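Take a look at the following structure, please.
We call the chains A, B, C and D, going by the order they appear; numbering starts again at 1 in every chain.
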């Protein structure tokens, strides 16, 4: 299911060879899915018990769950990034927004451990709802800031978001005085490491955001407009699309996703680390979007593709950890796999292989 | 069907194509096409929109590889794999969509790839001088150091032609080079082509204008539905026969008729739009303007006379420095096109590649885009209704496409143009601004579209019609405003102008008349 | 008299430890009446070189810095020497051909910290001869000096006992999130085989503790956890019985730095190497020590 | 489209103007900032960045991006250090080898980008991981270089206008001038602009698009490894963690210098102004000397903001069209 073309189904099956396999292979999502499946297969054959799942403390436990759980923040970030990229933009401030929102939430909920007659007790500061709202509010403000710079002032997206990328992390550190804020408030942990019906809660959160976004693309003209602006902004403006508001919106949306992702990350490690939370997350998010088949030149995009891209990245990381690859070699392995995944998506490469065979 | 032609000048064709076939997913664009091109001739390729003309040219110049067939140059088979191969073989081409770099200067666009050098470095001075000289040939006097994107489409077209002329080539291919040129420009181009023909160059020319075909061609190859219908000496094929062969059935003679499309006895409503002192520095001198309900107002003028600028100001695509606009008597301020659209105005731009088509979106999405933008972001037009609308206009305008879900970019030029026209017709505006709406559209389709538009007008739509093809303006307009040097310089009611007087008015003097008459011989 | 002007170039603010280090230096400078020119290098050596150059241009009385990395300081230190500005290193040493390029080095010894962590484990192994001791290691950032040295020191010591074996080693980039993520993967891959976790800093250990708990095991009991730094969070974990030992690496160099700087400027001889006092804090003393922790 | 007309040229001018204003204000606030040597230090400390930014300009003008430059720089220092210290090769041969390897690395990325139609972003991102990863394969430690030629290059001070510059500055400036010439006066340079303006058109005009694209990335790889050579002069060491995040600095410098990330518009000389802006911001902060780590970040962001916005507002005031 590609969200980008709600009419994808209506496209007449090409007359030539309409076999099922052919349809799968030519579907824009065929390749990312193929890459993911291949990666999972490699993991299956090299890591004993990779697909092993067991019920522990009333929830599912196993490698696959870990991957999903760990990929959740990245999936959220990639979701927001997809829309930004579809408008021909880029947002490199995602990691900083993650740090900022996590920090705000952690500080407001926060609390410190106080030694009370040798017994540690925990004090929380603010009702969690308010704290979460404030954290997301901070993220939205960041998005609005980026949006104004890009859509309002017409700065190039990469420099516009570079400003927040640098300053945002600084702000987060300013709030915490450079310390890691540890949270001692159980309900908060649920966001990032809780389980619902045996599955990680973060998965539901991602699914919810994904479904809302997908519905927004399907039920409103948002998807169409975003693509139009991404492909030909001049023509889109002449057709009467409010290009500036649309661009503003995607940056706000991206920041909101990043904010949520920040909550997840800080909830998961039960603390906010302003300096390290979400470091380089923007690069991974962009990579996820591209692996999912969306072009950085804007236009056609696929939300599902980006989700799959995020899963590819996380599966890869997880596999590297599980295989016992020495840390010095991590990067080489990662680069080679990213590279192979890209190659597998290149039709030119496929043609070359076919020509060889023929 | 094929009429055998004996070309006595040169028995061996300079360039010959045999059995060329080419398919795209879902479309057979060319099947078993043959073409012969002799030195010292102008050979015109004619056919309806989507007949396969541009595809044939792209196969010939290495943009596409044919599925089958062979290409021979001087009797030897060639297989150009890229445009640079083709250029190296002496084939110089101007493609249908202007393919130049908007960010480079005019001079560079002409010379890139074969710069004059001095001590190994590019000799900018001499390049600019040569560029100026080349453009002078076509009587274009512009700043060659300025960026290409600063110029209107027509000028860009001329630059593309100059580029092709500059290559010391044996074969010159021009795919609809005249679609946005006015008659004086065409005339200049033709005199250059005639000179080249005398020098023995083989020229392949694509156009939808019958007048032009007959003014310059030696022979005509007609294409229909991806096949070669036949090859004819120009003198042996009457206009009516040509049209019949292109369409495949007996044409209604109206396609060729020059008589007015309607009797002119229409009744107009109140002013839909009035502008007072509307102007913009460097683009348009302040002018007054008004258009009434049910009126078809033609805008005539030479290249760069400011017609497009006026249209853009009326639509809010550019911001006016001076003046005011009233819609139905109420003052309005158009800061962005959206404001104009909200006031029920539509604008079909002349530059379909940059300002119109959203290339990788489907025909359906392109058609409903403006309507959706007006309806609003949140109220998505139901998918069924989108399909119905798209189907309706694909039918009504005869858009040739594999399906309404095909990306608009894979349609032929003329069909893209029709789809963009549909984009605005779908919004059913009170006033429609059409800037060169018939660019690249074939004879019959043009007739059909003009009839369609006139009908809309009779039903009460106000239409501002801009075309470089004067007869067309004369035929359908209720009133004509003539522009010169970015000023309105006259206004004429229907019937006050005819083919000869209008040229004098437009040019501001009498010099053009005689030369242009030559074109229509 | 004119106040002493010191230019100090800090690595960055990449961890709580580093922040505590910065605070200590700033506070000490204020208390001592030293005018401090502080520059943060955001973890980049080239930024530090730039900062040192600007200190030289500003003609400060003394330069102190915590080098991001050991090598690559010859040229700029030579410029400082030519400008007759003494240089004091803090926290990390540098690798220069001419030792006279700096006056002294105050700080901890990462290799020694690794050794101490190893020693604690050796003791533990001696006390519990029957328990198997399979170790997993969470390394710091690949290539960084503390990661390399803490690994080296630890290995040097445990190498003496063939029973102590590192079965997995992966980088956790010194962060909680990565520490947790890597530990999760270790637990899935090795499961119950893991007996000991050695983390190159407390943050990674804290992240790993969460992973162990989520896997349904008891950190500190099912898996013995050793880490380095001695930040507050580590003490909290030890009080809760989730961490077994942390090797202190003291960031509180401020007061020492200021007094040495005064000596240096006054021309008094100072030792080339000044090691800070650092302890090893096992869980047993955590509750008692906790109120004394400043960072 | 039309709005971007003169902006790059204008932006470059504005950048230089703002730079002067910034230095002027800084000089008024912090005595000693305007000394000749401080200005020269800007060049000495950023010579490697300038060289990288020059290569990056070509890539960005062509509509691409090269994220691998920082890592290639680090890899170059690492290979150089290893060849000198472990394999004991003569230094000139080492430099030549490193430069050649940089070219090859870049050219292969370019080939993948062009011939397999892959997105520059991912290919160069993979290149970034690969080059960094290769550093660690050589050694995770930093390797000190004590080769006499390197030491000489590092410590020579060329007296000039009452201050001194390093040989690295001279090399960087020569590279800049050569690149300006390359961009302006050679068919290769112009093809880069044409591809950035419209790749499809460039192809239709018969330009050697494939070859040019491969060369562009090869050139960027060359600049990155030359940056690596300068960096190893500067630091006298090879290290896998060198120049982390430098690709972003280079991109920022290029964009601030007036080049459009979407390709087609920009000036190579703009890279110099961009690099100087970034350097000046850092110098200002170092001279201030009171900022904590986080305030440093916030102030860098703030200065970038002020800079970009003023630049943009001036450009907008100059011309406004769609």
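Simple rule for what comes next: a contact is a pair of C-beta atoms (placed from the backbone, for glycine too) under 8 Å apart; a residue touches a chain by one contact, two chains touch by 3 or more.
What you see is a predicted model; the values in this text were computed from it and never measured.
A.B. asks: With respect to inter-chain C-beta contacts, which pair, B-D or C-D, contains the greater number?
C.D. replies: C-D
A.B. asks: Compute the distance, rounded to whole Å, between the mean C-alpha positions of subunit B and subunit D.
C.D. replies: So the centroids are 45 Å from each other.
A.B. asks: Could you work out how far the Cα centre of subunit B sits from that of subunit C, in whole Å?
C.D. replies: 72
A.B. asks: Hey, how far is the Cα centre of subunit A from the one of subunit C, in Å?
C.D. replies: 33
A.B. asks: Where in subunit D do residues touch two or more other chains at once?
C.D. replies: Answer for subunit D, listing residues that touch two or more other chains: 1, 136, 140, 292-294, 296-297, 322.
A.B. asks: Two-or-more-chain contact residues of subunit A, please, as numbers and ranges.
C.D. replies: In subunit A, 173, 178, 234, 237, 327-328, 330 touch at least two other chains.
A.B. asks: Going by the touch rule set out above, which residues of subunit C reach two or more other chains?
C.D. replies: Residues 12-13, 19, 22, 142 of subunit C each touch two or more of the other chains.
A.B. asks: Can you list every touching chain pair?
C.D. replies: A-B, A-C, A-D, B-D, C-D
A.B. asks: Help me check something: in the complex, which residues belonging to subunit C touch subunit D?
C.D. replies: Counting only subunit C, the residues touching subunit D are 7, 10, 12-13, 19, 22, 26, 36-40, 42-47, 49-51, 53-55, 57-59, 69-72, 74-75, 78, 95, 97, 141-144, 148.
A.B. asks: Would you mind writing out the residues of subunit D in touch with subunit A in their complex?
C.D. replies: Against subunit A, subunit D makes touches at 1, 112, 115-119, 121-123, 125-130, 132-134, 136-137, 140, 248, 251-252, 255-256, 260-262, 292-298, 300-302, 304-305, 308-309, 312-313, 316, 322.
A.B. asks: Can you check the complex and tell me which residues of subunit D touch subunit B?
C.D. replies: 1-2, 4-5, 181, 184-187, 190-191, 193-194, 196-198, 200-208, 264-265, 320-322
A.B. asks: Of all residues in subunit A, which touch subunit D in the complex?
C.D. replies: 88, 92, 149, 153-160, 162-174, 178, 234, 237, 283, 286-287, 290-291, 295-296, 327-336, 338-339, 342-343, 345-349
A.B. asks: Using the touch definition up top, name the residues of subunit C that touch subunit A in the complex.
C.D. replies: 12-16, 18-19, 22, 139, 142, 168-171, 173-177, 180-182, 184-186, 188-189, 203, 206-207, 210, 214-216, 233, 236, 239-240, 287, 290-291
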